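I've put the structures underneath this note.
In what follows, chain A forms one complex with chain B and a second complex with chain C.
Entry: the complex of A and B
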């Protein structure tokens, strides 16, 4: 075998474990889900095998699913904006810190060492009727009766921000950290104020990181179902909760498959749009 | 010193040879691939080879105090006596568990603590039942006959489970905010009382919501005639409720933390709260929701080991200890077994052993409407 042929084969050999894993764990299950979405649920909960469009007709034409999907996208969008507003200053501070950035980054990663569910449930002890916030307010004398703060859309967004903020900070940090500080100095020497240098130089250069963080926050936020279950009220469901209910509660795997494919299509479409305009390389840097 | 030749050791030796240059890369990868293939191919069939020598049985239950009681009083003594390990898992609800079983390989799940005859019937309809050899479960003789018969009716006189305990889903209320008199007066309608808006809870289970809506609208829960009235009552409850709870632990937390003042609740869990000193009242309204739980053996399980465990669990001494731990009366017939001092004080306990005072869900009625009602409830729950 020639050297060229061996060199041409080498990337495929190196990629083969990852490709095998992706094929076995993602593509093949996805094909099963597509097939399932054309089956029907029988009265006993078993599946009727065949090619039926009923599930797709229901998912695409029923206002109920559209409304929940729009509400999910709204919650994910609000969460992303809040994460961006809170995350950018923190990321900028870490990137420009003169001390040990590694410690600051380690602190940022600390929450990942605790289960996401436990972190979400911690809000019950903070904002609950008998929680830390109400107890402190009553003790100080600012209120007489505890305020009901939990189990609404606001606490769902709060829980999502708590979960997703580190993803935003990491992506923006990678972007800001890679900007040469001499560029800001040059802008200052040409008469720009620090604010003008930030707005006209640093911010535009860091936008790819902000966009990558935004995409991650949006996609992860729109796909969550644990947070609304723990921190939401009776009507605060997101689209992933519909998938969960169809598959787990109603034992309707065909409908659940159609719903999950619909969510995948919407979020996948957003990723494709992002990739078209900004490319996936920034996202890979932030995740790395 | 010799080292046991397990798969890890094999891989390490192979890797060492490769790193030393004794093995070509192609051979190394080929051998790894062959090892992976061999492992993947043999694993699904390994259980048949191991079946003759059962070393563990998997049990799944409701978690919390229920699982603790079973672990302490039944599984640990069973493991000591037989050497068979009981691996116990938990689930939040019967629907969730059925999905897991449906997605599993035969034999992956063995025994489940199922609630209600309707669940038993669902498993039967999905072809997941077995036939127990009752000769291997002599302690079945102590069980209340009525509890056994309802299961036999579903599976043509045979059994795929043994009844284990029973209880009710009644009304739980915080006595600081709702009096016993008010509860007696309002009954199930307390859950749609506007004065308690934001302090009402409820289980997010479609059967329970429909059952209580039937009581609120004056209908027979096992034969409702006006479903529109029921859906409206569910909507009213939804709009007044703070939260649907999803597990016994969440129910206890919401009541103990006074996030909610009134909800329907599981009798044993409420008794546990009372034992902890919380001033929580409990009442079963007329036609309140009674249920019986069973230990169900799933198709593909090692039958003899499962039957041995079931017989051990039905041993009066064990069943009483578990019942006292989980606060649900055992399925043992009080006319045949002395149940001690604590059990007669538990909510839902029937000293006659006839259970005439409890209303159970009619499996044919509920399972016949399950597909439509669970879906409809899912929509109403989300504001529709």
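Entry: the complex of A and C
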């Protein structure tokens, strides 16, 4: 076999374990879900195998689902913007720090060692009726009765920001860290103040990282059900909660499948748009 | 009035002193090179003049004005980096126009000034391209255009040619010198490359370990090194321990191994006071190998060729005379000597320099 032929085959050999896993664990189950979505759950609770469009008709026409989908996208968008505003300065600071960046990055990764669910639940101890904040305020004497701050949309966003901020910071960090500091020096020498140099040079060059971080925050935020489950009220359900509800609570797999495919389609569409304009390689950089 | 003055500048990074109390006067319009090996403090000096670093002690004056507390963006300096540092997201024209936007230049004049700068660096037609579409040499020309279009008081060049390959580097150095002479801007050039320094400078400042070793015109620094470091760093030199027996008229009498008594001009040893220990400096190219003994007025000693380093138009020999190994760089006339050949080393005493021992 020629060297060229061997080199052409090599990537496939290296990819095969991953491809096998993705096929078995992701692609095939996804096909099952597609098939399920055309089945029907009868009044008796049994599933009727066949090709029915009833689930899809319900999912696509019912305003209830559409409103929750829009609300989910809104919450994800707000979360993404908050993460960008909070994460960019932090990422810039780490990237331009003179000291040990590795330590700062380690501190950033530290929360990942604790389960996401535990981290989310920690807000109950902070903001709950008998939580740290209320206890402190009562002790100081600013309030007489504890205030219920949990279980609303704000706390859902708070929990999502808490969960997603490190993803934003890492992506922006990689981007800013890759920008030659001489560029800012050059801009300064040409008469730009530090802020002007940042706006003219560093910010535009770091936009791909910001976009990659934004995409991750948005997709992960829009797909979560744990945060609204723990920190949201009865009306704060996000779209993934509907899937959870349909499949786990109602055991309605066909409807749950259709719902989850709809969310997948919306988020997948966003990823495709992102890929069209910026390319997935930027995302890979941020994750690596 | 000098264009740039460094007054007892000290720069420390923690416990490390990068620049020890250096002082320097740079004349208006001069091309001055800070030359030295990496870590000698030359770039630190440049960055302090630029305002990218603050001196720990001492003052920096530009055009007679103390600039220690003037931020970089108000110093009106042109800065060119080794890695070009062009803004990759802006076109060439936008890069060159960048500095003009922060000056009182009417928007209508900007395109004309940008075009003039591009013409000056002989790349008139690349304004709409992005930097990555240009070669390294072209990018460096654009970086130069961007730095000079703002009519800086001082042009600072931080190893601007080091990233280019050898042929291009020599072309660019001629080009750079041409542009500098044309616009007459005071220029401070940092390099570790002695041939760049010798070819381009009005003045060379040789630095080592954060100290200024010597300041002088290229010929002066080359022919009359003020220290052993300078003698070794600029070109190849043989440095021999010698004994100075005193001064007679304009001559110094030195007794050196191998060559015996030499009488060298006093101006070739400005730092040597008089009798005592001394070091004899013989430039490698002043030591000439010959098959025959020397003519009158030239010292001649027998030697054996040990190693021959053929370089095309010249050859570098390592020869042994007695116990001492010497190096000689000679132009090739017909064929070089072969290793093992018995030769005569010729040396004119007036070509030697001497340093205090």
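Here is the rule we go by: the second predicted complex is superposed on the first by the 287 of 288 C-alpha atoms of A that agree within 3 Å, B and C clash if a C-alpha of one lies under 4 Å from a C-alpha of the other, contacts with A are read in each partner's own complex, and residues count from 1 in each chain.
Keep this in mind: a residue touches a chain if its C-beta (ideal position, glycine included) is under 8 Å from a C-beta of that chain, and two chains touch if they have at least 3 such contacts.
Quick caveat: nothing in here was measured; it's all calculated off a predicted structure.
Model built by superposing both complexes on chain A: chain B and chain C fit together without a clash.
In the superposition on chain A, A:193 makes contact with chain C only, while chain B stays out of contact range. Legend: residue contacts after superposition of the two complexes on their common chain; A:201 is shown touching chain C, with no touch to chain B. Once chain A of one complex is fitted onto chain A of the other, the partner contacts of A:115 are absent, as it touches neither chain B nor chain C. Looking at the superposed arrangement, the partner reaching more residues of chain A, out of chain B and chain C, is B. Contacts of A:2 after superposition: neither chain B nor chain C is touched. Legend: residue contacts after superposition of the two complexes on their common chain; A:61 is shown touching neither chain B nor chain C.
Using the contact criterion defined above for the overlaid structures, shared-chain residue A:100 touches neither chain B nor chain C, since it reaches no partner. Of all Cα pairs linking chain B with chain C in the superposition, the shortest spans 42 Å. Every residue of chain B that touches chain A in the complex is listed here, in rising order: 29, 93, 95-96, 98-99, 102, 122, 125-126, 198, 206, 238-239, 241-244, 246, 253, 257-259, 367-368, 370-371, 374-375, 378-379, 381-384. Residue ranges of chain A in contact with chain C, taken from their complex: 180, 182-183, 185-194, 196, 200-201, 204-205. Contacts from chain A toward chain B in the complex involve residues 13, 41, 43-46, 64, 68, 124, 128-130, 148, 150-151, 229, 233-235, 237, 242, 245-252.
Chain C meets chain A in the complex at residues 50-52, 71-79, 81, 83, 85, 87-89, 98-99, 101-103, 143, 146-147, 150, 156.
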